[in-house]
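Common to both upcoming complexes is subunit A, partnered first by subunit B, then by subunit C.
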Partner chain A sequence: MNDPLSTFFVVFLAVIMALTLAPVLQNNSARVWENLRQIKFVRKNGVFVSTYLVGAVVLWVGLMIVAPQLYMVDYSFRDGAIGGNPEGHTLVNYSYLIFGRESDEAWFNWLHLQVFLRTIIASVMVTLLAFALCYPIAYYLAQTARGGTARLFLICLILPFWVNEILRAFAFRILFGSSGVINAVLISIGLIDDPIDFIKIDVAMYAGLSYAYILLMVFPIYNAIESLDHNQIEAARDLGSPWWRIHYRVVIPYAKPGIASGCTMVFMLSAGALAVPQILGGPSSLWFTQIIYDWFFSGGDWARGSAYAFVLLFSCIIFVLTIMRLFKVNLGELAK
Partner chain B sequence: MSSGVDLEHVSIRFGNFTAVDDANLSIRKGEFFSFLGPSGCGKTTILRAISGFNEPTEGVIRINGADMRGIGPNKRPTALIFQNLALFPLMSVAENIAFGLEVEGVKYAERRRRAEELLNLIALPGQGDKMVSELSGGQKQRVAIARALAVEPQVLLLDEPLSALDLKLRQHMRSELRNIQQRVGITFIYITHDQGEALTMSDRVAVMSAGVIQQVGDGTSIYNNPQTAFVASFVGENNPFFGKVIQADNQYAQIKNKFGTLRGRNTQGLQEGDAAILFVRPESLSLVEGTNPPENSIESTVLSEEFEGHSIHIHLEGEGSKHIALSLSNDGVDTNMHVGDKVTICFDPDRAIVLPEGELADE
Partner chain C sequence: MTSDRIQKYMIRFYIGMFFLYLFGPLILMGITAFNTPKFPTAIPIEELTLEWFSVLANDKEMIAGIQNSLLIGVGVIFLAVPIGLAAALLMSQVHKKVQPIYYTIVVSPLLTPGVILGISTLVFWDRLGVWMEADYDTIFYSGIFLTIVGQSTFISAYCMLIFLSRLQRFDRTQEEAALDLGATNVQVFWKILIPFLRPAIGSAAVLAFLTSFENYNTTLFTIQAESTLTTVLAGKVRLGTNPSLSALAVVIVCVTLLGAILHEVYRRKEMRKEKIAAEAAKRAADKADNAMAPV
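And then the complex of A and B:
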């Protein structure tokens, strides 16, 4: 019972048991139950189911999401540098991202700011690329394909995701490398003389990121378009509409929540991706997550790492909310 | 030729299934034409072929004389009103109506003006800024009509557009549709399985069964002079009597049946020995008073009696599991009939029709 892990579990279980058994063990337990039953949610689902649901959500949101994040927020305001004061709170980690070290000559921390901006812009590009790739697929699957074809298509889309991310990224290196398959083909058909360095010009990284998140883009859009009444497409066509206007006026407005949901996920995950930029990124193109990673593991400065991570997180959230505002999508619609 | 829509030997097959079999038809310009038939008879397939959503496997469809082969639905002078209307839920009423004009590149102010005009036509003035979801069923119906009329089609195709409405609204929309058609003066092609709709609104009706056009004609001729057993049994209520023709001339044919010999009009040139069905409508049957049975009299047992105010419906035992339905108008005197009574009924041979044996419509 001395090792920290089992101690942790004992405490953990004790809390859960206390929470669930408290009402039962109380003297006036009858009244507690009575009060519980007054709540509509409890009445509808029964005491045990509702206790489980509420408990699971509280555990999930509270214990696993909010608590560790709050801890990291606190961390990001501390001085984690070697020789610093770990007690009091400070803004030094945030100011470092913007202004750099005080002793530096430059006014701003151009290197990190540039990487940050480039990460955001590149993620937007990846999102747009993924959307351009996935919208036609999703539309085809949802409206045109018949049962068997659609299933085959979906399996072909899902199967590659059984391969883990690292392996997929390295496979892309083989594809895009200087002596890779694509260069070999291009040279052999005489289109180019010298191999193109796809990795240096970030083509491989864009391709890898778009590929990694294709499903996250396809499925929300597919779901949205699938519920669109095919008669509406035919009605638009019957009224003389060319195909592009049908998409622009009928399908895309209808699928907007799905598109927003897909784009948000792809954007967030691209901006927060680590493996793909690490493996497929060119030597000169640092991804912001790589800097965060370095703070945590090479620099040993968790405080600064968390500060950087929060800057990335909040910037992404603000960016996404702004875009959603611009396109008039509600947050609630994303969960549709 | 300034005819509206012509079907020339149109057959439409899906794999081995023949949805429409050799349809030949000429629909006149400005006519209200209905296709009437049970579900699955191929009427919607014909409509979709006219609007361009599927191509005939064989044959030609002409609109105003122009061959429509290879011309997509967006290039045809037709507009289709869908069964579920298919209004665009994310557009306002005016945007819905003006969608076809928007496609044509008409400027906003002009679109707005046209939409307002059409809203007046469908008696919804000033409602252009509402969303579709704020409208009632009948209003949506009218918006769908306005949306289709906005592109000024030469032919308006309607795919059972009233089926989702309740009875009262449906009856109201019937006369509304007929009014609109007379005001705009274009060809309406209407699909329905409801004979009441077809007979009340249409100039002419085509009755379809299993992909085949059985008969084309106006309401009266379809009802009074059916040409096939299917039409006779599908349109209105009819009592079939199965038998063999024992005597026939140009005017009448006589069949032998378990009830005796029955005589009716012979419009299809039946010959002696042909298998035939004699049809007589419930309102053409009358009770025989007295003991001297006239021609075409049938003796049977009363199974049930329903009093409906203006008329009295009586069911008599018929052949096999079939009943003979009899409808008497209420003349104020009690019929004095009881279940189980033996009665004799008869009919005028001019109000019965003998047709070649054929498939009957499902009850």
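And then the complex of A and C:
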């Protein structure tokens, strides 16, 4: 009970209980009822509705968003290893990520650092690749395609994404496997003699990652470009602007919020992806989320897993802030 | 003129390639569901078979996973939709100065990787369980319950966005009119607001269920000893594959296609109904005009 966190929970639960008990109290005590009526919010919504609104949001924001995240951060500063001291805070989990075990000969924990850097860099690459692939399609659908065609294309775009993420990765495994279609075709036209192990050299994984989240890139950009007045493009063309400058000076600046939103989503999902690296990653190529998973379910050190998870979360926050600064958009526009 | 035509063909070619990239892998996977080899193989087709569908239907692990997924999906609907609705209704009522902070907090789960939501839910509820000295068979350690909570953390935000966009078109004067005519706040809520939001409630529920059904990242951490369709699938795909997974994909695609077609038919029907209603209204208005016009 001396723990400040526990005290916080007591207060927190008390607030929730007070809120849920409010309607009961109104029958018993006229005074409480009168006091509640003084609050403008309650007068405006009525006791029943305001209890529901405040109760549901407090439950969500407090018990589901803020408290678990804060607790995870707190937990990451504790020594949860077997034989470790769970009381008090320590940096041991973070220093493990950077320096590894003290008894190790190497100065840094190269294995984990490498995986971390590769995850971040590869996610940025996947994001750029997805943008390059999706921008022309989004532009075509939003500005060139007409009514029925555009609708049909949009449905076709959504359709593959109703298939489970894992089954999509499975499809890529069939495609890229050593007895898969690509190898079979390459061998039959005589380009190669022995099958190429696409999974080992990570081609399958990168292809699978950019495939998995492409929809989240197409739609925000499409929505942004769709509202662009076609006359602006016509005007630029009439004034003699070549096609690339129209995109560079007219369309892309206009679609900035959509591009920022798409990039954030794709980066966040790739960096946090678990299914695709598990299924399509080679045996030697770990993804950062896989290390986190191992800390939880085979390493048995939840505190260290939490520390690694917080590092991942922190990198995502940095990325979001960079995007916001770079594209000059606010958070509301990112999460549409 | 010719360069225009070349450009046109290039665009077509690109779009063709793009959709081939989207559908190619799925079509090949579909073919493997009907092919005999034990390792999923699309070419060459040895012999067509439906064997893999019966393997799928008899897979007890998978069936149990699907049942859990359905249960969790329904649970998420009942938790996330009311929360999303409350959060959306509260958005316009919080103090102007608090609004940006409030918005940042409630959309943050959408920008947080799923694994982190799963981990934070797991460690937090585990801690609560320890603190309350709860037994291992209470909700603090129940995989199903934790998964519902963990998934609802971000699915509620999706629901909130759906409600917010619907509420933008809501005419506040309707509420005021009802209150002026003597309705209670509760009556206004149930008789004005909820009927107006009904389509949004429907789409939020569908979206919540589907998102929950195919979630993997959050679920993997919160589910613990239990299993869902996605965790069973991932385990199977990692250990070694067989074409019954392709058969499952075929089933899912067929159900989805059917759903998409039904939705389209329903939409057309609604549009026609609206058109007829609009025409009738216009006729009535014309009639009234004619009646009033001096003869």
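Side notes on the structure shown:
Basically, the second predicted complex is superposed on the first by the 266 of 336 C-alpha atoms of A that agree within 3 Å, B and C clash if a C-alpha of one lies under 4 Å from a C-alpha of the other, contacts with A are read in each partner's own complex, and residues count from 1 in each chain.
Just so we're on the same page, a contact is a pair of C-beta atoms (placed from the backbone, for glycine too) under 8 Å apart; a residue touches a chain by one contact, two chains touch by 3 or more.
What you see is a predicted model; the values in this text were computed from it and never measured.
With both complexes superposed, C is the one of subunit B and subunit C in contact with more subunit A residues. Looking at the shared chain after the overlay, A:E165 reaches subunit C, while subunit B stays out of its contact range.
By the touch criterion defined above, A:A204 reaches neither subunit B nor subunit C.
By the touch criterion stated above, A:L133 is placed in contact with subunit C alone, subunit B being left untouched. In the superposition on chain A, A:P242 makes contact with subunit B only, while subunit C stays out of contact range. Contacts of A:E234 after superposition on the shared chain: subunit B is touched, whereas subunit C is not.
When the two complexes are overlaid on their common chain A, residue A:V49 makes contact with subunit C while staying clear of subunit B.
In the superposed model, A:V250 lies in contact with subunit B only, and not with subunit C. Subunit A uses no single residue to touch subunit B in one structure and subunit C in the other. Only residues 11, 14-15, 18-19, 21-26, 28-29, 32, 39-43, 82-83, 85-87, 89-90, 93, 103-117, 119-128, 131, 149, 152-153, 156-157, 161, 184-186, 188-189, 210, 214, 216-217, 220-221, 229-230, 233-234, 237-238, 241, 245-246, 248-249, 252-253, 256-257, 260, 264 of subunit C touch subunit A when the two sit together in their complex. Considering their complex, residues 6, 9, 41, 44-49, 52-57, 59-61, 64-69, 71-72, 75, 133, 136-137, 140, 144, 153, 155-157, 159-160, 162-175, 177, 179-181, 184, 211, 214, 264, 268-269, 271-275, 278-279, 289, 292-293, 296, 302, 305-306, 309, 312-313, 316, 320, 331-332, 334-336 of subunit A touch subunit C.
Across the complex, subunit A meets subunit B through its residues 229, 231-232, 234-242, 245, 249-250, 253-254.
Subunit B contributes residues 51-53, 72-75, 78-80, 82-84, 86-91, 99-100, 102-104, 147-148, 150-151 to its touches with subunit A in the complex.
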